[in-house]
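In the part that follows, the structures are each spelled out as structure tokens.
Heads up, the next two complexes both have subunit A, just with different partners, subunit B and then subunit C.
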Partner chain A sequence: MDISAFVLFWAAIFTSNILLTNFLGMCSFLSVSREVESSAGLGIAVIFVLTATAGLNWLVYHYVLVPFGIMYLQFIVFIIVIAAFVQLLELVVERYAPALYYSLGIFLPLITVNCAIFGVSLFLVIRDYNFLQSIAFGAGSGIGWLLAILMLAGIRAKLKEKLVPAGLQGAGISLIITGIMALAFIGFSGIVQIQ
Partner chain B sequence: MLLTILKDIGILTAISALLGILLVIAQKWLSNYGECKVQINGKRDVTVKGGSSLLNSLADKQIFIPSACGGRGSCGACKCQVREGGGPLLPTERPLLSKSEMATNVRLACQVKVKSDIAIQIPDAIFNIRKYKTSISEIVDYTYDIKGVTFKLQEGETIDFLAGQYVQINTKPYGKVRQSVSRAYSISSRPEDRDQFQLIVRLVPEGICTTWVHQFLKVGDEVEVTGPYGDFFIRDTDADIIFVAGGSGKAPIKSMLEHMKVTGCERKMTYFFGARTLKDLYLTEEMRSFEQIFPSFKYEPVLSHPAPDDVWNGKTGFVMPYFKDAVRDPLKTEAYLCGSPGMINAVTKSLKELGVPADKIYFDSFG
Partner chain C sequence: MTKKDIFIVSAFKENSVWKQILGICSSLAVTNLMLNSLIMGLGVIFSLALANYTISLIRSYTPRSVRMMAQTLIIGAYVIIVDILLKAWMPEISKQLGPYVGLIITNCILMGRAEAFASQNKPVDAMIDGIGAGVGYTLVLLLIAFVRELFGFGTLFGFRVMGAGWTNWSIMVMAPSAFFILALMIWAINTYYYKGAK
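Take a look at the complex of A and B:
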């Protein structure tokens, strides 16, 4: 695919936001967005993991799976790579940033099953990105995810003082807000199209 | 075809194995904190392997900090002062620490990980805490839901405890309960019997440990016990004493009274025992016998909800209204309470209203 990594980076944040356009990574998006602080922590962890696993999985795909002709195993292999990387990251964070480790708590291991991460790895294969494009797409998607969760956390903080109909409280109203945010992001879509 | 399948499986396995090995190496390297020195009370040093919690590291060295929940960070019993090297206060500790505790570096030993040399302050009495292998020598039914269980130490072993202290018993898996839990019970026998001790256990519906004791434990069974713990013991003054207990809260006070039977006691003592109905009362004869031994001791059982067919002409209702008559001089009165948190709160409030100083109210809560 002939598109500059720079454009891809910005496109992944705005026009093809992994969360608001593809609706990937919803579970942690909905459950962690209660507080701006923890959303920011998780968002930063997601950026880091996304960028790194996009690069790693590109390498694994092109230098292991393709030569051996086992591309059909990409689902399993990508998940294993992501899981191992998150484990490693957990060890590093625990050792060198214990405060962050405890504030992320259970969410750090939960990144393993964040579908945004897995989705990005699959997209970069389907869309045939090169290594640089993959890294840019991964980083952009991560930042886009952070942006989306920060916005939702901010809105939910304001929403605490508002009266929400009983049936819509919690996940219901969050999904409606996410939908409206997604509508707003459609406004960007005319700028560039990557999918 | 078969070869392809085998090859693919082989590659997949190789990738997983490679990543697994990488993780193991990383873990060895990253989680290896080497040998760490734990300095206790500025005088005693123990060297432990870094990486595990302070509670477990010390337990490996036969130093047992009390812990009622087994290190899950929910009971707060393992508080200790960490003077150096404890790392930042963790969110898991905050709910169980008061402001003044946070300011003086009090931490939960089960949450603090030993990652570097560390200096801590613990009461000297903790050094007296040991792990004992015991066997059950007697089980008696006191009421329909309260049993007295006697634990005999191994030949030649002795336990030194103060009347009123408690031990923790470690249950074994039984029935559907797969894990072993550790629960605290006050010793009800006198400290003079050093080769055995008795606990009073009331059956709590759905309670893991109490169900085990009531339905599975038999005479002759071996049980692991650690102790003694706690600062609930009689202060050596000449102030009047008010004891208040409910249910199995009778245990530590029984121990105190039996101990005083040996040492003698001239203090004025009133013992209020709260129960629901007549069939919840137990050891009444024994308590009455103390009234003969100590000239100034009075046992006052109070029934909160006497059953219609209970033959009862003693005190009824809550215990609190009866304190008035027992308190001669509130400033020269000590109170020793043992029971549920609700009972202790209510009793403490009522005693304070009568003028008993808060620091003279000692309690052991079942919380």
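Take a look at the complex of A and C:
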């Protein structure tokens, strides 16, 4: 892949949004988006963890798994790296930035099981990105995810006072809104294609 | 509960996708073709049933503090088997499914069933619960894929169904249609199957 990291960064936010075109990170997306504030908190935590683990997993894959010829272990190794990183981050944040810990801390355990984090690590192996591209792709995907969850949370806040058919409340209406958002994002897709 | 009850409850009454809204990521991404959905569903049934069985076997020896990690590793091991088998026997489909085979590990259905059922029940019951939940998941996948492939490509399992004059609906191939179809499905099921019982 000879696409520049800068282009990849913007493409990951708009044209191949991790959530709206690749459907990754839906579980926490639907459950957390009830409130704008917690959505923002989770989104920021996702950006940070996604950027760091994309770089870490690239290094682990190319300097540990490939030399030893154990690429088939990538699923388990990536999960362990992500879980370990999140634990470590939790300890560091709790020790040095207690205020930040109280606002973001509760979201950190949720992130380990967020498929967006794991999915990005798998994408960068499949698409054969280099280190810089991986970091850019991770950061872009995180920002794209934050953008999507903030938009949904904003719309859902407005929707609270509206009448929604009984069977459609909760997940149903959120999925329809997400679908409309995805439609809007297709408008960007002519700018650059990365897959 | 008899074994048949366990199966019916986990496959239909408590279906992970439409009742608990779990495992949506992969159920949306692979549903543009029915064949892909079927293979993905079989992969999930396989790893879910065996992972549930294994987790239930060791449930009394696993310390609480490392329970989650142990469950993830067991699930991961079976997903790796699925991935290797797919790469060896169906390289074409393995390529199309891309990262979504690996993403079975983070599929909330697997962790959910492990936590909610396998860690408290006997191995055989846990396995039946796993098969049930997997079948329920596959059913949803196939239903969404049926609509998307029929209208998006005019085919079912790759065979031409629509006549020569059929114009493909390109929206059905793209991402938004998956969101809409799943939403409509949840709506219909909530209204007619659960009759508004909340």
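The rule is short, and it goes like this: the second predicted complex is superposed on the first by the 192 of 195 C-alpha atoms of A that agree within 3 Å, B and C clash if a C-alpha of one lies under 4 Å from a C-alpha of the other, contacts with A are read in each partner's own complex, and residues count from 1 in each chain.
Just so we're on the same page, a contact is a pair of C-beta atoms (placed from the backbone, for glycine too) under 8 Å apart; a residue touches a chain by one contact, two chains touch by 3 or more.
Everything numeric here is computed off the predicted structure, so don't read it as measured data.
For subunit A, the partner with contacts to more residues, out of subunit B and subunit C, is C. Of the two partner chains placed by the overlay, only subunit C lies in contact with A:G119; subunit B stays clear of it. In the superposed pair of complexes, A:A84 makes contact with subunit B only, with no contact to subunit C. Shared-chain residue A:F68: touches subunit B; no touch with subunit C. Once the two complexes are overlaid on the shared chain, A:L163 sits clear of subunit B and of subunit C alike. Once chain A of one complex is fitted onto chain A of the other, the partner contacts of A:C27 are limited to subunit C, with no touch recorded for subunit B.
Once the two complexes are laid over each other on the shared chain, residue contacts for A:Y102 go to subunit B alone; subunit C is not touched. In the superposed model, A:I76 makes contact with both subunit B and subunit C. Contacts of A:I180 after superposition: subunit C is touched, whereas subunit B is not reached.
In the superposed model, A:V92 makes contact with subunit B only, not with subunit C.
Of the residues of subunit A, those at positions 73, 76 touch subunit B in one of the two structures and subunit C in the other.
Residues 20-27, 30, 72-76, 79, 83, 113-115, 118-119, 122-123, 126, 165-168, 170-173, 175-176, 178-180, 182-183, 186 of subunit A are the ones touching subunit C in the complex.
Within the complex formed with subunit B, the subunit A residues making contact are 60, 64, 68, 70, 73, 76-77, 80-81, 84, 87-88, 91-92, 94-95, 98-99, 102-103, 105. Here subunit C touches subunit A in the complex through residues 21-26, 28-29, 69, 72-73, 76-77, 79-80, 83-84, 98-99, 102-103, 105-108, 111, 174-180, 182-183, 186-191, 196, going by the rule given at the top. Subunit B meets subunit A in the complex at residues 7-8, 11-12, 15-16, 19-20, 22-23, 26-27, 30-31, 87-88, 90-92, 115.
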